[in-house]
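What follows is a pair of complexes built around subunit A, which joins subunit B in one and subunit C in the other.
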Partner chain A sequence: MITNLSVASRKAYRPLTTVALVVATETVGAVFLRQFLLAEDWRLVVTLLAIFAAALVAFERRPHLEGAIASGFRTHRRFATLLGVVLVALFPFALEKNTYALHLCVVSQLYAVLALALNFQLGSANIPNFATGASYGIGAYVSALLALNFDVSFWIALPAAAIVATAFGFLLGIPSMRTRDSYLALVTIAFGVVINQLLNTLDFTGGPNGLVGIPAPEIFGHSFASPLVVLGYELPPQANFYYLSAMLVLVAILFADRLHNSRVGLAWNALRADELAARCQGINTTWYKVLAFAVDAFLAGFAGTIYAFYVGFISPENFTFLVSVTIMTMVIAGGMDNILGVLVGAVLLTLLPEKLRAFSDYRILFFGVTVIGFLLIRPQGIFPKRLRRYEV
Partner chain B sequence: MALPILEGERLTMRFGGLVAMAEVSFELARGEILGIIGPNGAGKSTLFNIISGLYVPSSGEVRLEGQRLNGVPAHTIVKRGVARTFQSSRLFGDLSVLDNVIIGRHTHTHCGVFDAIFRHSRAKEELKQAAVHSERLLRTVSRNLFEQRHRPAAELPQADRRRLEIARALASEPKVLMLDEPSSGMDDADTDALMDDIRAVCAERPDLSLMIVEHDMRLVAALPHRVMVLDYGQKLADGPFEEVRRIPRVQEAYLGRRGAASHAEG
Partner chain C sequence: MTELIVQQVLNWLTLGSIYALIAVGFSLLFGVLNIIHFSHGDVSLVSPFIALALTQSLAAAVGAPASLGYFVFAALLAIILTGLLGVVLDILVIQRFRNAPAMMALVATVALGIVLREVIRNGFPNGSNPHPFPRIASGSLDVGGFMIPTFDLAAMLAAVLAVAALFFLLGNTRLGLHIKAVSQDRDAARLMAISPSRIFRMTFFIASAVGAVGGLFFSSYAGMARFDFSIEVGLIGFSAAVVGGLGSMPGAIIGSLLIAGLDTLVQAVVANGASYRLVFVFLLVIAVLVFRPSGLLGRTAIEKV
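Moving on to the complex of A and B:
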């Protein structure tokens, strides 16, 4: 059915029309995000959410609309990527030097990386890992400790923290292989709690007070704590981290896309569908599960480092079990095993609680209602997984 | 007779106090089709699970071309050349038909995480080759299946699901292929078509050996060179179908004691 749809849409739309479709989709997306970020009045927030919901309903009712957009992006892949990069690069200039909006962008992007990291497990291989928050914390603490105790620069701490987090990922992955499903989830929850408790009690991690005074990164003499001046236009200091985390998101998307469309991604999908059948196709299921843990921890470690250097102060309460649950919700609500879906889920769920502050005490309630509402419209997530295609 | 490709020697499988298989020995020659029949619970699937490495036998030995398979992990056994299908079809339902076959080529592809990310063009090329190979394989197994290669496997009708399982198993280029009740859930016309497909597969690969667990006696009478009968985990008989079906103990196992008696009288 999907094949027929995309074939039909390819015939129905001329190249110019599909290019226009790509441009329109990306521009509308960027403008929508800008309005949402800058919206102060709760009525505007609710209206924007309603528009988003209406768009989802339209997609659900008219699958050929979604198919046409998807095939447009597929045929003009390079152009769509380039346009996306340009839009992301120009985005901070459209935010009227609003530091809070920029801050939300940075946090959204870090969560996007975390959600993409977890997606390798939850989305591709159906491994319920509740320890992504812990890997995030390990990345943050390792880099912060390196910077504070040994004056290690950010650029060296970044890969070092990712490597340590990966090692912990393996460490968690190996015992987890003796369990599965709910029991596996319990092991990962325990791991997360243990890491959190250790951060809370150990002396060298600063206990509950955490680590303070992590220096801002520098590049070619430009400190990330100072404003970013581009062609005479001054962007707030947050913009430095905006571009840094945007790069990380780009790397994470590249990782995710390449792994998804590879033998490894296929093996993970086989695991998700039927583990026993996967073994009988020659897939070493244990190894592939451990790999998924390692890749998740690797990316989460990167995100943790940027977070630590961005806020300059970290404590155990930044990396609790709740963080892991939030990341998991992002993947599920966004769309498991769909890169775009996971990204949208991460941004939406980061911004929602902030934008619903007008509801004060009821905001978590509204947050829950909104997520459930989206899931009612799109039960498989905002953008569900799609079948692979090959250029044979 | 040449060295058998696969042999089992006094295979015994105990689950706690339950003996699922007791001292079953068998041999499979290169290019041979061996049918395995027996009532439910006779140990047919247990035998397949032992050979494919899902169970480790309590005692006895399985050998593939003289090499011991006991305790070898299931994924390595596939690499050595034993592939199988399942009684209740276990396809990767949310993946496309083509992806199912490409996954079947897992043991013939090599790119890992590092290659996928940093040597992208190599990984892409390898996967493309696998896709080309899989499409060709699908076309030879069933034209109809090939036409549906971009559909999710879960949407296929029952007969095509069986064919896809066979195609997926063949993708690993096995020496021994084990089919667990390939015709279950099929009507006569579908079963006939399936038998033609299996014959075509064998004609193209004269060295491929097959083990087929089956209940449909039409298929058992027509396809296998030889039939092995299991009952209560023990081997009752082994030989050409025409001979095996006359053995009273076999009739007893299948029809029950009284049924066999009346069958003998009538």
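Moving on to the complex of A and C:
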């Protein structure tokens, strides 16, 4: 199967049109997200979802439209990135000081990091991992325990938690050397259940009650619990964490992009295509598999730490098997091995159950039905994985 | 002391029988379809709710208070209905993932399990709360000086009968032959005028009905029916099938007995064992898979270049 090599066939578009396309796509996306976040009425929510679905169908019907946008983003890569960063930075100002909308943004960003983390395994290397939720939990608990028991500041707890989570990731990676497919899936499920049950029963993790009173981080004397004032405009305290998690998402994207375009990413793709063939090419499959677990746990540890310090209260309930399943669904629904797709999947699936609170009792049901519907209607995800492009 | 040991052994065998009834379905479905039907546990645990609803409506229709007789009748009906539920789910959802990557089918059936649980929670009257579930058999028998609860005997008997029927069906009937043919080579079976879709549906019916027996006994064992029981039972049933080796019926039974054994042992020996039981059970699962990557009786796939 030759999928990795394809010569980029580029149509020439006039530079001005392509710039306009990039600007239009990003602004429309941002405005849409803002309206969706601020929508209170369920009818509006459903209408917006329908518009989103219609846009997807339109892209499916008119591939050249998608191609034009994609090529625009490719030719004006720097500009597109810069505009994206500016939009993300300005986004909280457009939310009318709505704390709930900001909160949803923070949670979406944390899930985006988790989904990107899982994407290394599920998307790049096709390794099933139902333990991302556990790594997330390990990160949260380690940092919270450090802060509560040893007065460690957030900025030290952050790397410490990531390192511990990575160590557990390696630990989980070891049985993965021998098992595969369904058997490997069960090993990761078992690992997740063991971690969750331990958090639930051990004394020092607070049992089912969890840990309470995790202090808010501070930077240069500015507490994250106090409102953020920018040029006289006061943003709610959640904005602090918004920018913090936005940084983490940015780091995760850079990380994912660099890895995807490196030998490591190529080796993972080779593992996905054919493990035996990869081994014959001299790829140390064991090492790359374990590495995928470690990278996943590393990023999940970061996300867990920010979550713990953001919410200030964690319990085993936040890190169950279902959390892992949700993260997995984000990757699959968004598009495996496609960074943009995974991000969109994460945001969409975080917001969906929250925005469906009008159906309170039925929202988990609705979530399950949506997932099945997605897998049935668009199994390749919102943004399917792209061929690798090599330019001569 | 002996009394205590006998009691624990009985507990082990009862629990092992119940787990086996569910694990066998996982293994059978994997053997035939080559996908993991993760919602099998959830399907199996729909049966107690069907039985409860049927008992009440039966009693209401006759106008007499619900008695054990109605319950047994309702339970038998529930087993058949649960089998049909499996077939319906296959037609509606699972069959569309026949040729999809294994991960897709796995995630889809996990979502299907969520849907089933939520339908019970929202659809059954007062579904979020536990419902008392009658004990299928009460009292105990005196066997050689030991009092053995009839419920334990009933559970073991049900498991032995169900498994024996399954073995007979797979080994000695035309349907069993067809099932084996489809599981070995779908296309070759089709050339021999065996319809794979029909066989898949039969397999779904059999697996779900056997699972339903397990579900009824589990609820009876716990004394109540809860919509979220299926998470734990499904995971344990799946683990038992995997530990034994997916696709192997004897493996599923051995796996169930192993897991139930550790479960009862931990609860009996370790202090505060009830809260640590799942930790031990799943550590065992990991340990077995590290040393036997395809389960205890699983076929090791050797790839040749």
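We adopt the following convention: the second predicted complex is superposed on the first by the 369 of 392 C-alpha atoms of A that agree within 3 Å, B and C clash if a C-alpha of one lies under 4 Å from a C-alpha of the other, contacts with A are read in each partner's own complex, and residues count from 1 in each chain.
Following the convention adopted for this analysis, a residue touches a chain if its C-beta (ideal position, glycine included) is under 8 Å from a C-beta of that chain, and two chains touch if they have at least 3 such contacts.
Keep in mind the model is a prediction, meaning the values are calculated, not measured.
In the superposition on chain A, A:379 contacts subunit C only, with no contact to subunit B. Once the two complexes are laid over each other on the shared chain, residue contacts for A:369 go to subunit C alone; subunit B is not touched.
Once chain A of one complex is fitted onto chain A of the other, the partner contacts of A:78 are absent, as it touches neither subunit B nor subunit C. Of the two partner chains placed by the overlay, only subunit C lies in contact with A:181; subunit B stays clear of it.
Looking at the shared chain after the overlay, A:329 reaches subunit C, while subunit B stays out of its contact range.
In the superposed pair of complexes, A:197 makes contact with subunit C only, with no contact to subunit B. When the two complexes are overlaid on their common chain A, residue A:282 makes contact with subunit B while staying clear of subunit C. Of the two partner chains placed by the overlay, neither subunit B nor subunit C lies in contact with A:43. Residue contacts after overlaying the shared chain place A:259 against subunit B, while subunit C stays out of touching range. Under the contact criterion defined above, the residues of subunit A that touch both subunit B in one complex and subunit C in the other are 276, 280. Of all the residues in subunit B, the ones that touch subunit A in their complex are 52, 54, 73-76, 78-79, 83-84, 86, 90-96, 98-99, 102-104, 106-107, 109-113, 115-117, 120, 123-124, 126-128, 130-132, 135, 150-152, 155, 168, 172.
By the touch criterion given at the top, residues 122, 126, 128, 174-175, 178-183, 185-187, 189-191, 193-194, 197-198, 200-201, 276, 280, 321-322, 325, 328-329, 332, 361-362, 364-365, 367-369, 371-372, 375-376, 379 of subunit A touch subunit C in their complex. Residue ranges of subunit A in contact with subunit B, taken from their complex: 1-3, 254-255, 258-259, 261-267, 269-270, 272-274, 276-285, 291, 295, 385, 387-392. Those residues of subunit C whose C-beta lies close enough to touch subunit A in the complex are 30, 36, 93, 96-97, 100-104, 106-108, 110-112, 114-115, 118-119, 121-122, 231, 235, 238-239, 242, 246, 272, 275-276, 278-279, 282-283, 285-286, 289-290, 293-295, 303, 305.
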